[in-house]
Amino acid sequence: MQSRERMNKRATNAVALTVIWMAAIATVAALGTILVYVFVNGIGQITPSFIFTWPHGVNMEGGIWPTIQATVYVTGLSMLITTPIAVLAAVYLAEYAVQGRLVSTIRFAADSLASVPSIVMGLFGLAAFVEGMGMRLSVLAAALALSFLLLPIIVRTTEEAIRAVPKYIRWGSYGLGASKWQTVSRIVLPSAMPRITTGVILAAGRAMGETAVVIYTMGTMINGPVSPLDPGRTMPVHLMLMAQEGINMPGAYGTALLLVLLVLGFNLTARYIGRRNRRMQG
Amino acid sequence: MSDSRDPRTGEPIPEMCADPKSAENSPRPPARQALMTISKATYFKEAALKNLFLVCACVAVAGVALIFLFVGLEGWPIFAKVGVFNFLGGLKWYPTKQFFGILTLIVNSMLAMIGALAIGGPLAVGTAVFLSEVASPRMREIVRPAVELLAGIPSVVYGFFGLVMLRPIVAHVFGGLGFGLFTVWLILAVMIVPTIATLTEDALRSVPDGIREASYAMGATKWQTIWRVLLPAAKIGIIDAIILGMGRAIGETMAVVMVAGNARVIPDGIFKPFLTLTTVIVLDMPYAAGDHRTALFGVAIVLFIISMLFVAAIRVISRFGKEMS
Amino acid sequence: MSDKLPSHVVTPGAGPAYDHGDKFKVEKLDFFYGGFNALTDISVSIKRHAVTAFIGPSGCGKSTFLRCLNRMNDLIPGTRVEGRITLDDHDVYGSGVDPVDLRRRVGMIFQQPNPFPMSIYDNVAYGPKLHGVRKKSELDAIVEESLKRANVWKEVKDILSRGGLTLSGGQQQRLCIARVLAVEPEVLLMDEPCSAIDPTSVQKIEDLMAELKDRITIVIVTHNMQQAARVSDYTAFFLQEVAGEPAHLVEYDRTASLFTTPKDRRTEDYITGRFG
C-alpha cells in the first residue's frame, strides 16, 4: 500500500516535471521558430542597396533607407526627451521620496502609463501633439507620444538600479561630509550606471518596434525626415502596410528581419553591459 | 577659532593639520572651530534639485491626466450623443449608418484575451517554474534570454509572422482562411509569455529558501513542493503577473489586426474573422470623420479605463495579500 | 560623570599629554526611532586626543549612539534626538547646523568596508575633491599621505588605479580609513571596524589608531573587550537591561580602571563574561 503510494508520488513528480520542461521548451521553440523563419526568408533581401536606397514604384520595390532613417530619428529623439526626466524621476522615487500619498499617486500613475495600450497612446498623440499643439504629423509629435510610453519603463529600471546600490556605500560618502546631491551624483548614479544603461537600451529597442503610436503621430509618408517637424514612415509601419496590402512580400521579409536584428542587437548589447558590470563588481 | 586658512581653498585648516611635532613640543590651545551652519546657497541648491526631481516624477501623473484630458475631450461627445448604455451595450457597429454599439467589440476582445490566457498562462507559469525551480544554471542561461528576447520582439513582427506563417498552417489544418480567434490566440499566447513568466519567476524567487527546504525535509517530491508550497506562497505575485498579461493581451493591436480577419460580427466559430476594440481603431481611423471618429476615441477611452482597472486590481490584490500574510 | 575624570590626569601610554579636554560633551541624550525610545539619559564627555571605546552586548545602542555624534541618524527617517551634544562647545544639533559640514569634521568608519566602486586613488581623492581641492599634485600628495597614515600605502602604491573593490577585506577597511583621513577630520568614529576583516589587518588598524590619536580624537564601538582594553584610553559600557526598554550608559571610566576595578556590578558581570 505504502509503496504504491510512493510510486504514485514518483510518477506524478516525473510527469509534472516533464510538463514543466515542455513549457520551457515550447517557449524557446516559439522564439526559435520566429527567428529562424524571419531569418531564412529575409536574409536574401538584406543587401546594401536594400538598406541604403529609397523605395520606388507602386509596389515599394527597392530599398527602405528612409524608413530606417525615420526609425532611428524618432527613437533617438524620444530617448533624448525621456531619459533625463525618467532618470531624475527615479532618483526622486529612490532617494528623496518619503512614503505617502504623493508617492503612491506617482507610482499608480507610472503603472497606469506603463499599461496604456499603445493604440490609445497613438490616439492621444494625435489629439494632443499633432492636432492640439499643431505639430502636425511629425517626428517630434511621435517622439513625445513615445516618451510617455517609455517613461515608466526607464523609471522602473533606473529605480531598481539605484536601489541596488548598497546603503553602506552611500554612508561612506555621507560620512565624508558629502551632501545628498554630491552623494547621488558622484557615487550612487555612477554605481548604478551600467544597469541604468541596460534599461535605457532595452527601452530604445521597445521604441524602435513600436507601430501603433507612430502611425498616428508621424504618419505613413515615405520621407527621410530631417527636421523634427517632418513626417515619416518608420520600419514597423512600413512592414505593417506592406504586409497588410500584400505588396512586395520580399521587401516585407527583409524589413522584418532588419527590425528583428536591430532589436536583437539592442537586447544583446544591454545584456552584455549588464553581464560585464556584474563581473567587474563581483 | 582657528585663524589659519588654506590659501588656495580659503577653507579653515583643521587644527590637526598642523605639524604634529610642533604640537608635541608646544601644546597649543586646540581648535574651537564653530560648527558651520547650512549656507543659504547650499540649502537652496539642494532644495531646488529635490523639487526638480519631484517635478520629473510628477510627469507620470501629468501624462495620465493629459491622456484623460485629450482622449476624453475627443471621445466624450459620443457618450453624450448615443448614451453610455447604447455605446457600451449596443451590438451594432455600423458607423456609416450611425450605429455606434461596441458590445460586440468588447466581447471579441474578451474572447481573444481569455483564449490567449488559457494557452499562454500555463505556458508562462510553467516556464517560470522551470526557470526558478527546475532548470540547471546552464539551461537557465538558455531559457531566460529566450524569454527576454520574446519580450523584445516588436508586435508588428509577431503579426507579420502570424500572417505569413501561422495563418496558412491554420488554414491548411482546419480549413477556411486561417484568420480568426484561433490564430489570434496562438500569437497573443506567445506575446504574453514574457510578461507573465518574468513576474512569476520573481514571485517564486522571493519565496524564502527555508520554506523549500522544510518541504523537502518532510519527504515531499519536487513537484509536491512546487504545487503545494511554492505556487500557493507566490500566489499573489502570480495573480498580478496574469492580470498584467491580460492587460497586454487586451491592448495588443498590431499583431491582432494582421491575423484577426476583421469582420464586424461576433464570430460564430474560432476560425472566423472578427474585430476587437483595438483593431477597429486601426481599421477605421484612416477614413473616419465626424461622429465616427469621435466614437473611435470613445473606444480608446474604454480601453484606457480597462487598462487602469487592471492596474487598480493589481494594487488592491497586492494590498490584500500583504494584509493576509 | 566627567567630573570623576580630572582632565589633567592622563593614562600612561595614552599619547601626548598636552590636552585631554572634552571634544564631545553629551548631556541627557535620548534617542527615538519613531515612537521607540532606543537610548535614554546618556551623559558622557569624550576626551580630545584619546581613544574612547563603547562596549556592551549587541543591540545595546552603542552604534546608534555613535551615529548621533555625527548625525548619521538624520539619514534615517523618523528618528529624533533629545538632549544636547556639543563639539568643542558648539551644539551639534543646534538650529541651522549643517550636518554635512559636521560629518566632514567627524569622520566615520563602518563595520562593513565600503569602498566606492572606483579606483583606489579616486576613493581617497573623493573627499578632498568634494571640498574643493582640484590640483592634481595636491591630490596626489593627499592620497599618498592618507594611505600612509592608514597603514596601507605599501600594499597599494603600485596599484592605485585598480578598483577599490579588488582589495582584500582588511585592505578595503584601511582604504576606507585613508579615505576619511584625506578630509582631515578632527574626530574618527569607528563602528566595529574590525569585525569583518582578517587578523593581520586588525593588528594594523589597532597600530594606526595609536598613531593617529595624537592628532585625532577616536571613538570606537567594539564587541571585542580585549580590543577595547588594548586600544582605548577610556571605556563606556552600554546596556539594554530589558528588551523594549531604552538602553543606557552604565559606566564610563578610564579603561584601566574600568577593566580592573569596575564600580558597577553589571559592568563586572559583563567584562568577566557572565552575560552578553
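Note that the chains take the letters A, B and C in the order they are written out, and that residue 1 is the start of every chain.
Keep this in mind: a residue touches a chain if its C-beta (ideal position, glycine included) is under 8 Å from a C-beta of that chain, and two chains touch if they have at least 3 such contacts.
Note that this is a predicted model, so its numbers are computed, not measured.
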- prompt: Which chains contact both subunit B and subunit C?
  reply: A
- prompt: What are the two chains with the most C-beta pairs touching?
  reply: A-B
Field: Centre-of-Cα separation between subunit C and subunit A, whole angstrom
entry: 48
Field: Mean-CA-position distance for subunit B and subunit A (Å)
entry: 12
Task: Among the residues of subunit C, pick out those that touch two or more other chains and give their numbers.
output: 100-102, 105, 131
Field: Residues within subunit A bordering two or more other chains
entry: 179
Statement: Each of the following residues of subunit B touches two or more other chains, namely 42
Field: Interfacial residue positions of subunit B with respect to subunit A in the complex
entry: 42, 45-46, 49-50, 52-54, 56-61, 63-64, 66-67, 70-71, 73-74, 122-127, 129-131, 134-135, 139, 142-143, 145-150, 152-161, 163-165, 190, 193, 197, 221-224, 226-227, 244, 247-248, 250-254, 257-258, 278, 281-282, 285, 296-297, 300, 303-304, 307-308, 310-312, 314-315
Query: So in the complex, which bits of subunit B are touching subunit C?
result: 8-9, 11, 13-17, 20, 23-24, 27, 30-39, 42
- prompt: Residues of subunit C touching subunit A in their complex?
  reply: 70, 72, 75, 77, 100-105, 107-110, 112, 114-118, 126-127, 130-131, 163, 165, 176, 179-180, 183
Residues on subunit C engaged by subunit B in the complex (per definition of touch): 16, 18-19, 21, 48, 87-92, 94, 96-98, 100-102, 105, 131-133, 135, 138, 184-186, 214-216
Task: Using the touch rule from the top, collect the residues of subunit A that touch subunit B in their complex.
output: 9-10, 12-13, 16-17, 19-24, 26-28, 30-34, 37-38, 41, 84-86, 88-89, 91-93, 96-97, 105-106, 108-113, 115-121, 123-124, 127-128, 132, 148, 151-152, 155, 179-181, 202, 205-206, 208-212, 215-216, 236-237, 239-240, 243-244, 249, 252-253, 256, 259-260, 263-264, 266-267, 271
